[in-house]
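Both complexes below contain subunit A, partnered by subunit B and then by subunit C.
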Partner chain A sequence: MAAVDPDGGHSRGAPIPNHAARFSRRLESWLLVIALLILIAVCMILFPQFRTSALFIAMINAQSLTLLLALCATVVLRVGDFDLSIPQTMVATAALVVLLTKAGLPLPFASAVGLLLGLAVGALNALLVVRVGVDSFVATLGSFTALSGIAWLLTDNRVIVGVPPVLIDLARGRLFNLPLITWYAWALMAALWYLYEMTPLGKYMLFIGGNRNAARLCGIPVQGIRVGAYIASGVLASLIGILFTGYFGAVDPGAGSQFMLQPFAAAFLGATAVSVGRFNSVGTAVALYFLTVGITGLQLFGAQTWVTNVFYGVALMVAVTAAKLAGSLRR
Partner chain B sequence: MKLRGRRVLSSLVAAGMIAAVQVPFDVAAQPVAPKTDAQKACVAAIKDDVEKGRADVPLITPPGPLDLAALKGKTIWFIPISFNQFASDWEAGLKEAADIAGVKLVTFDTKGSISAANEAVSQAVAQKADGIIILAIRPSVIAGPVAEAKAAGIPVLSGFNSDSGDPVPDGMFGNFTSDFTADAELGVKWALLDSGCAADMVMVMTSSGVVWTNMSVGAEKAIKQYCAECKIKVIDIDYGNLASSLGGQLQAALQLDPAINYVFPAGDSLVPYITPILATANSQAKVLSRDGVSASIEMIAAHSGQDMTLAMPDFKWVGWIAFDDVARQILKLPRKDYSIPTRIIDASNVGKGTIKEQFPAYENFRDVFTQTWAGK
Partner chain C sequence: MALEDFSFEVRAGEIHALLGQNGCGKSTLVKSLTGVVRPDGGSATLFGRELQFPITSPGKQGIAVIHQDVGVVGSMTVMENLGVVANYGAGLLSPIQSGSERATYSSLMRQLGISLDLDAYASTLSPAERTFLGVVRAMRIAGRSAQDHLFILDEPTASLSKPEAGKVLQLMRRVADLGAAVIFISHRISEVFQACDRVTVMRTGRDVAHRKTADVSRAELLTLMLGRRLDDMFPSPPDHALGPSRIATRRLSGRVLRDIDLEVAAGEVVGIAGLAGMGQEEMPLLLSGAMQPVGGGFALDSRDVSFRSPGDAIAAGIALVPRDRLRDGIWTDGTAQENLTLPVLPANFMKGFLRHARLRRHAVETLDGVAVYPARPDFPMSAFSGGNQQKVVFAKWLQLRPKVLLLDEPTQGVDPGAAKQLLDHAMDAAASGAAVLILSGDFELLAAVCHRVLMVQHGHIVSELMRADLSEQAVMDACDVGQKAFSVLA
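And now, the complex of A and B:
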């Protein structure tokens, strides 16, 4: 998905497509949303629990951290690179912040140090990928692995508890019966939507992700924006790490690998919705909730673990393939 | 709108938002007294077992002298499934004991990889290790290299792959483990006593771990035996996707049965992933588990996040006793079949959460071991 189609196959100056084609494009954009609504309706018919707000709140909350990570992942994906270090930056920051507070450092200072870690990771990734030219997948996989070791070192291979209550309140406190962490995820989704859709920077990111050389020739500061994306990704991952401590109330140094696959799966699946062919925040959220509703429905049905894994994998393959085919047919 | 009206309105909005912000809090409910005759009979049947489970655990010591001079220069390989707190502390204990004996300890962290586990055992054989200890790696997935080790005369100790007393895997000389089935039964009994035999429990395990499967069998058996009206649901999670798998399945279980009042993850390492789910569901379910990692003890002492654990003694002591086991095999001495004990740690006996309080007999275990080895 690195080579995305900035205009979804329709460029300025081309003939205006007919109504059927316009309808087809709109349908393609909203297909996953429609699928989600149908899935919810089916689940509401089949399972009484789906007719309760408690279940929806539980589903949404359980995915809040993953949604935050998925949204964070779209920042670098949109410029055509990978940042696999995000989940481990989150965990390493969480470990650092909690350990510093337990050592007596005031929370604001500990949090600032945590954010500096994210900044450093982002800067290192940017140096390796943008300046030196190392493949982003490899470079950030390396930083993921190194950060994993750092997290184990910081925590002495053990789960750390004693998270300051204010951090727990920050994540688990409720606003209109929804945990605050869910609101943060939605706020990030809205903020990224605005950045991607309403600002020149968001468009530049898309052009860079679509064709770096063409973007450079157009005068877009490609290197600067790519560096900025990595640094933003690192700092955002650290911020998510601070929320991580409050959400779990503890830091498990091995948790990073748990959050490796799902956020990227959601980001890629999200590129098949709303703004097809582009990594986008709303599509990412829709994709994640689609997978969550499906898996929750299967679990309520009593399906065993392997069934939900199969559903997850097949849903991802089908959605991405369908989007690819739809894009090919359009051309 | 006039300024005063705007101020009133913004104050009302702020007050509304403050009211809307509800922070979850923990309430440690007291044990419940049994009500019906069946519940009273159930409590009577299990009460003594739970009290025994809370009692001090005597120190388990080596069976006799050990010729440390004969061990000098030997090498023992320690191959854990992953390097979590338990493995880390176990390794630290092994190293302490090995250093006293002049034995070299080589640790190979397999990071959960079967191919790495095979490589580790093969390497140990190739580098002529004198003894091998594996931790929580299914013997069947390393059968080939283990057979090579046996052919080379290298003793292999199977750590935490079964219950004590279970048959020893091919190619290995002994099981070094606890009775996980009995531990799970004791955990269930604790929940039954705590609830007045009105427990509705969900157990979280992964079938990829033999000992956790044993625990689920033990838990189901105990519920069925002592409390026909109680319920237990076993959730089998994908350990590779723990964070997402556990959350979704647990929340589904809580939705299907809002009366769940006990959550029993098979290992303390799962507890941090459970507490946010319970918080979101506004569930007051109590959490009990097994192992006794420091984080869990701290949570029990703080009355927040976990209510009970079946704790093993100092994990470093486990390392010392494992060293003794392998060392005797290297020297071809008679072997003592160890079963790692556990103790119920809950609000009644957690104190400040120190090992010294929970396992007082183990405070000076190092001195006892060195004296025993020296024949004193």
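And now, the complex of A and C:
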């Protein structure tokens, strides 16, 4: 060991460094991946359907939109705030874009307007939370609710059909037998991984989420990054909204609340994996697939559809509790 | 095992000091006495009564602890904060009898010789008054009478200025005179000599010495605490010719500070002293871009500058070690490496990727260089003692070779061994040409390490002591004299 401790070898709480401690710390971060692999193995043993690639492809595709939303959620979560308006920004943008194209506006312009909506929502959230200092949970819950009202207004409370074929191909076109939307989700995961792990901005975001005061005094442009996070979140949610139209081929204005729980559950569960206690992209994906495999297994077992939310809720509670306990044991 | 064969004896009516480095077992001892931790063996008697371990309700047993962080809710009144530990004198759902509550507290405060406005909001209390609140609250739990009770004060004066600390020490004396036994835990050896009758020194979980304070010297206590000689408690400032003016303020004003004109040269160590609330706390914030001046300005290397954010100041070569380490200095859940390498991340971002291996190597070297123990960059900051945390903060800034080093209470919550190392680093920075500005309530520290010390009263610089005239007493007198002058005017 390098330095001799003038304290006499008893620093508060620091465990004596050894290989076992380092190994168990690494183990903790890969726990969710291991859990996922074990779960898949168990399901493959129990259910013949799990031994077909068709089921895996179906599961992955069904979750692509949720994965996109979950990844989008990690951006603002990482800087220590909430953005609950994401699912509703998605739906409102989807409705807006389809209605504009049906009214005759060329698709690129309609999409641009849709993205502007996302920008506006992000800017409004940023104004309330960063400038005024309103609690982010409450403020974005407010924008979520306002946006759902706007979606109802735009669609006159009806499901809108008539999505331009271009958008449908954009989401459902196939590449190596997987729909494009799945590839977009993976691409976003990789892009966010790069941002979070490989750039100073990703580290600054972590610091802001960890201790905003200290981050500011260390020279990090805290307000700027927080505003940027909300705007990025809003624009990203709009982009997902455009994909939403092609994915479903129709826009149901009431769909927003269905996509509320799952993305955030995956993001929080993912924060316990890979980089423990920190919102990250790969962990979020692993968490989402873990939850999906679990639910599919339960459904094959004969469980009813309500089991989905129960499973999500319980898995989330168990995981974050375990992560918290593991964290405090480490200290 | 954090404690081993620990035995000591505290007498009624005495203030007994417990001295020891961080990690020596003091907090484990306190936790054992308050039931948080269960000792593996041994026994304890309190005023003749044998204590049963684990201690289930320390209050009923006659043991009360006042922690450094008294646990006060600023938006509630003093009376509401006092009554919280005793169910406000009523059952859980029964109505609170505010009349009898007031009477109880008034009589307790009379006994102790203090007075607090029961209806004032706790946020208006000074730090010393918060400690008073803690003591009154503790007396309430102990059953309203100090006799046959043990009061443990855990670093009550750590964040207090000298005069405020004096008031707390007086209160401790009152409590002891009422018949209680008082254990006083502190890093400030001068206070131990000032207020305590006897002292026990702990080291690595054992009691290594019991002495009467009258019979022991400071050097001896330090040697006992550290297990080796510490020749000088504080380093001296570099003895060299001073360079050109590094930082010069011109009628700088903040919310409390008014028209401050001060100048620090390259290689100079200047101290700032003042009672709490006198405005000197704004100085480091104004100079580092954390707070915008209300008036006036300052120059860096003889060129006028104005910083809109801490980032601007850091880029210009100014480093601030903030007062409240946990709130403003570190990210406790982050690793030592993450905290340490934050300012140099852009320099390690090459060809589009953060160089993690390089960052780790840099972190290991730097941690070793400032003798952080353990030198493990992957440990979270919460795993390090206060002294080691502060070393990480120092290292974070010193690696940038700042032109100006602003230290706000740098040794607060830091054990003496680590404090000396930190101040050595500050002196080294001065020797290489940095201008160092130190704010501290530890007048002995200021007298030892500064070339000169400025006194701040009600937002103004009222006096200056040059090295030849510097001593702890001189600084204290300078603060008091100013205070008397103002109280005559008021």
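Convention: the second predicted complex is superposed on the first by the 309 of 331 C-alpha atoms of A that agree within 3 Å, B and C clash if a C-alpha of one lies under 4 Å from a C-alpha of the other, contacts with A are read in each partner's own complex, and residues count from 1 in each chain.
Quick note on the criterion: contacts are C-beta pairs under 8 Å (C-beta built on N, C-alpha and C of every residue); 3 or more make two chains touch, one makes a residue touch a chain.
Because the structure is a prediction, the values reported are computed rather than measured.
Using the contact criterion defined above for the overlaid structures, shared-chain residue A:Met198 touches subunit C, although it does not reach subunit B. Using the contact criterion defined above for the overlaid structures, shared-chain residue A:Gly228 touches neither subunit B nor subunit C, since it reaches no partner.
When the shared chain is aligned, subunit B comes close enough to touch A:Gln262, but subunit C does not.
In the overlay built on the shared chain, the residue A:Gly210 is in contact with subunit C alone; subunit B does not reach it.
Touch criterion not met for A:Gly294: it reaches neither subunit B nor subunit C.
Of the two partners, subunit B and subunit C, it is B that touches more residues of subunit A. In the superposed pair of complexes, A:Gly80 makes contact with neither subunit B nor subunit C. Applying the stated contact rule after C-alpha superposition, one finds that A:Gly122 touches neither subunit B nor subunit C.
Subunit A meets subunit C in the complex at residues 1-3, 5-15, 17, 22, 25, 197-200, 203-204, 206-207, 210-211, 213-221, 277, 330-331. Those residues of subunit A that touch subunit B in the complex are listed here as 49, 52, 54-55, 57-59, 61-63, 65-66, 152, 156-162, 169, 172-177, 179-180, 247-252, 254-255, 258-259, 261-262, 292, 295-296, 299-300, 304-305, 308-309.
Note for the complex: subunit B touches subunit A at residues 17, 20-24, 82-85, 87-88, 236-238, 241-245, 247-249, 251-252, 254-256, 268-269, 271-273, 275-277, 279-281, 293-295, 298-299, 302, 304-305.
Contact residues on subunit C toward subunit A in their complex (touch as defined above): 2, 21-25, 203-205, 226-227, 288, 290, 309-311, 313-315, 320, 322, 327-334, 338, 342-343, 345-346, 349, 352-354, 368, 371-376, 378-380, 382-385, 387-388, 396, 415, 417-418.
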